[in-house]
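Below is one structure, written out as structure tokens; the observations come after it.
By letter and in written order, the chains are A, B and C; residue numbering begins at 1 in each of them.
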Amino acid sequence: MSTADPQARELPEIYIRPEFVADDIGEAVISDIARPLSLFERLWDNNVVRKSSILLGLVVLWQAYTVIFDVEPLMFPRFSDSAVALWNALVYGDLPSKIWFSIKVLIYGYSAGLAIAAVLVLWATASRIGSDFLATVTAMFNPLPAIALLPLAMLWFGLGTASLVFVLIHSVLWAVALSTHNGFMAVSEPLRMIGRNYGLTGIRYVAKILIPAAFPSILTGMKIGWAFAWRTLIGAELVFGASSGSGGLGWFIFEGSQNLETADVFAGLFTVIVIGLLVENVIFRNVEARTIVRWGMSRS
Amino acid sequence: MAAREQAAGVHPAAANAEPILDVDGVTLQYKTKEHLITATYRVSLQIYPADRFVLLGPSGCGKSTLLKGVAGYLKPVEGEMRLKGRTIVEPGPDRVMVFQEFDQLLPWKTVKQNITFALLNGGRCENKNQANEIAREYIHKVKLDRFEDTYPHMLSGGMKQRVAIARGMAMEPDILLMDEPFAALDALTRRQMQEELLQLWEDTHFTVLFVTHSIEEALIVGSRVLVLSPHPGQVKAELNAHHLGHTNVGDEAFAALQKRIHDMLFADRILEEEVVAHV
Amino acid sequence: MSETGARLYLRPEYENSEIGAADHGDVERVLPLFERVRNINAVRKLSIVVGLVVLWELYTNVGGVSEYILPPFSSTGAALLDALWTENLLSMIGNSIAVLLTGYVIGIIIATVLTTLAVTSRFGSDLLGTLTAMLNPLPAIALLPMALLWFGLGADAIVFTLLHSVVWPVALNTHTGFLGVSDTQRMVGRNYGLRGITYVTKILIPAAFPSILTGLRIGWAYAWRTLIAAELVFGGSIADTAGTSSGGLGWFIFANQMDLRIPYVFAGLFSVIVVGVLVENVVFRKIEERTVARWGMQIQ
């Protein structure tokens, strides 16, 4: 029914009806206005409970599939075999030292990357040419996969840890610098003006106003930088392995695949996953909880 | 349950019809992380065509929850709600809602497209041309002709609400549901919007169910006001306000009614602290 | 307020009858040409690039750096032109991109299926969350040895590896985007009677578009890195089987490094950068301009 000329149509009139007032409102008969949820309801609502059940289900499926269909263990080992291989490598083998090697290199590269990023960002904050330089250089080097630099790095620094660190710095630097710089740029006018109102300038201004205000962005950048660094490290160690390099977690995986010890490969992959999970869900989440979540700045 | 009292000022009923919306003893509940909350308890009301029906009450009286129930987003635990005789079971374009939040407009559509989207998807229009025509008509009614191809993020709060109202009215629903639509606007814009809403109503006498926590707004905008008392929401009174508008705001009669409602809500009940999220 | 405080100074009212254009001149004036040019971002950034290139050329020519470590810009440029003209660099790049696109598109399809499942049921949502949390930290390149085992020494193995690097970021970001759609917009959609597939395509996808676009960007970035890395490693594996090099950009870099043709290595790196920059700043930015920016939407 389209709107025709309102004058021509018969408009409904308001139906004026008697008022009433309830003089006495009785107590609600429902026993509680609010009642707590039952234990089962709350348990099933718990993310961890549900997700653990799914994980368990997947593991059961894995084992069942490989056993029932008698899958060639070289192609796809059973869960039980992989678990045993992992256990052996951890307890009797040299997996722990390989893990430590990888983590050590990662820490060197990550910290160096952070330091350089800090310098670049400070310069970018202080002057327009610094800002342009950062934007230009990031735009040029960010799209370059760190792995592609590995041949060059090996040429410059040889087949040692230095090459790995160089490549790691590259994978961390741009993500962190970009996020931090963008975060700084996005700090709201009112906050900046307050800082200057109190006479804060230079380093103190950066440390007391910009860094806290931009912390969500900084943290995101650090997370992305970590993710890139971890991937690059494992990948680089794999490539190294192809060129007879040294020992780390990636090299452990490569070795396993060369020796057709697929269960070892799975064990190695599992370790990579666990470390990644630990760092993201324990370390980073903890930092987040004590900072941006507590300050109400998290965007979840 | 409660004795009904006929207050003064009763007018002879117009030769009228069936209620368009019948809420019959409705109890609404919802879950939060730890609790099950009863928002309204056995609320009954009838809305007739051309009513500007207002749900008025403080936080915790269940007015927004009741509105969402009428809209079909919540099922009653007790009782039933019927629109033109049919039980309400799910949301639908016959009860279009205008929300309080500005992001009710789809940001990826222009002003005009927001309206045509509703018309085409809500089944009101079959083809684009018809939808465009109707959209233009209602954009004109809310005086935003110049902005028909603008994206919402460039409009002010008041303009966004006008688009939302135009969109709702263009659908020509059986009943227009409004959830404190002016609460997020500054006082001057709010007053302007109230006036515009009343002018729009003069045009077509549409039926509207309007939620507010402001007694003054209820008396200005509404023709019939349902007063809800909180924790849980129960019907305290239904009063007539069809004779009151912006021009009466200073009057004795207006002030007296305001005081009467205020006393109803705050004098004979101890104000409880809000334990849970307000409705 | 003190008893003997200042009292209100009542003074006469006044009103200005004539407010005219007066002598303040133009309220807006155009800046001089030099300043306007300097304000163009592209101009400033290009100047920096030019400056860096000049520095590079000077350093290599004057500083006596071995050309096996850092060749001059001029010889890199010459190598690049030579490779484009005589060595089919362009078709190698084409090969790389073709493989990438295959993996990218299939990955997006898988991600869409997973996300749709996740949106329609809580089990699907948990499943996606669990799978993503477990598999996202795993560098795709670590899967390559196994992929080679399963799919043989061919492009299939690379595509499989690429899938892994695309699916999780795209699914994760899309899912987060969907979750972040405001309740109000969801209710608006349901109010018009939208359900199921139409609800997803007409409300969820546009509303979540900023996140979806971010996911697509990250997926692309991971895929590009993984591809180059895979071609580097892969190149190593088939270096001995003569002839069958389908050859991609990564292999080009690896092969030239083996032959110590360093200017060509640099030319290859440069190509990697150019492709990355083109896709980021042309393709994705254009999409962003026509959608997210035009709609004034921010990432939640």
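Rule of thumb we're sticking to: a contact is a pair of C-beta atoms (placed from the backbone, for glycine too) under 8 Å apart; a residue touches a chain by one contact, two chains touch by 3 or more.
Model, not experiment: these values are computed from the prediction.
Asker: Which of line, ring, star, complete or other matches the graph of chains that touch?
Answerer: Graph shape here is complete: every pair of chains touches.
Asker: If you tally contacting C-beta pairs, which comes out ahead, B-C or A-C? Let me know.
Answerer: Between the chain pairs A-C and B-C, A-C carries more contacts.
Asker: I'd like the Å distance between the centres of subunit B and subunit C, where a centre is the mean of that chain's Cα atoms.
Answerer: 46
Asker: Take the average of all CA coordinates in subunit A, do the same for subunit C, and state the distance between these two points in whole angstrom.
Answerer: Subunit A and subunit C have C-alpha centres separated by 17 Å.
Asker: When you check subunit B against every other chain, which residues touch at least two of them?
Answerer: none
Asker: Within the complex, which stretch of subunit C touches subunit B?
Answerer: 182, 184-185, 187-188, 190-194, 198, 202-203, 206-207, 209, 291, 294-297
Asker: Over in the complex, which subunit B residues touch subunit A? Could you list them?
Answerer: It is residues 1-7, 9-14, 16-17, 27, 31, 33-38, 41, 48-52, 134, 137, 172, 203-205, 223-224, 229, 231-232, 234-240, 242, 264, 275-276 of subunit B that touch subunit A.
Asker: Can you name the residues of subunit C that touch subunit A in the complex?
Answerer: Of all residues in subunit C, those touching subunit A are 41, 44-45, 48-49, 68-69, 122-123, 126-127, 129-130, 133-146, 148-150, 221-222, 224-225, 228-229, 232-233, 236-237, 250, 253-254, 257, 262, 265, 268-269, 272-273, 275-277, 279-281, 300.
Asker: Of all residues in subunit B, which touch subunit C in the complex?
Answerer: 71-73, 90-93, 95-97, 99, 101, 103-104, 106-108, 117-118, 121-123, 151-154
Asker: Once bound in the complex, which stretches of subunit A touch subunit B?
Answerer: For this pair, the touching residues of subunit A are 1-3, 6, 11-26, 28-30, 32-37, 42, 45.
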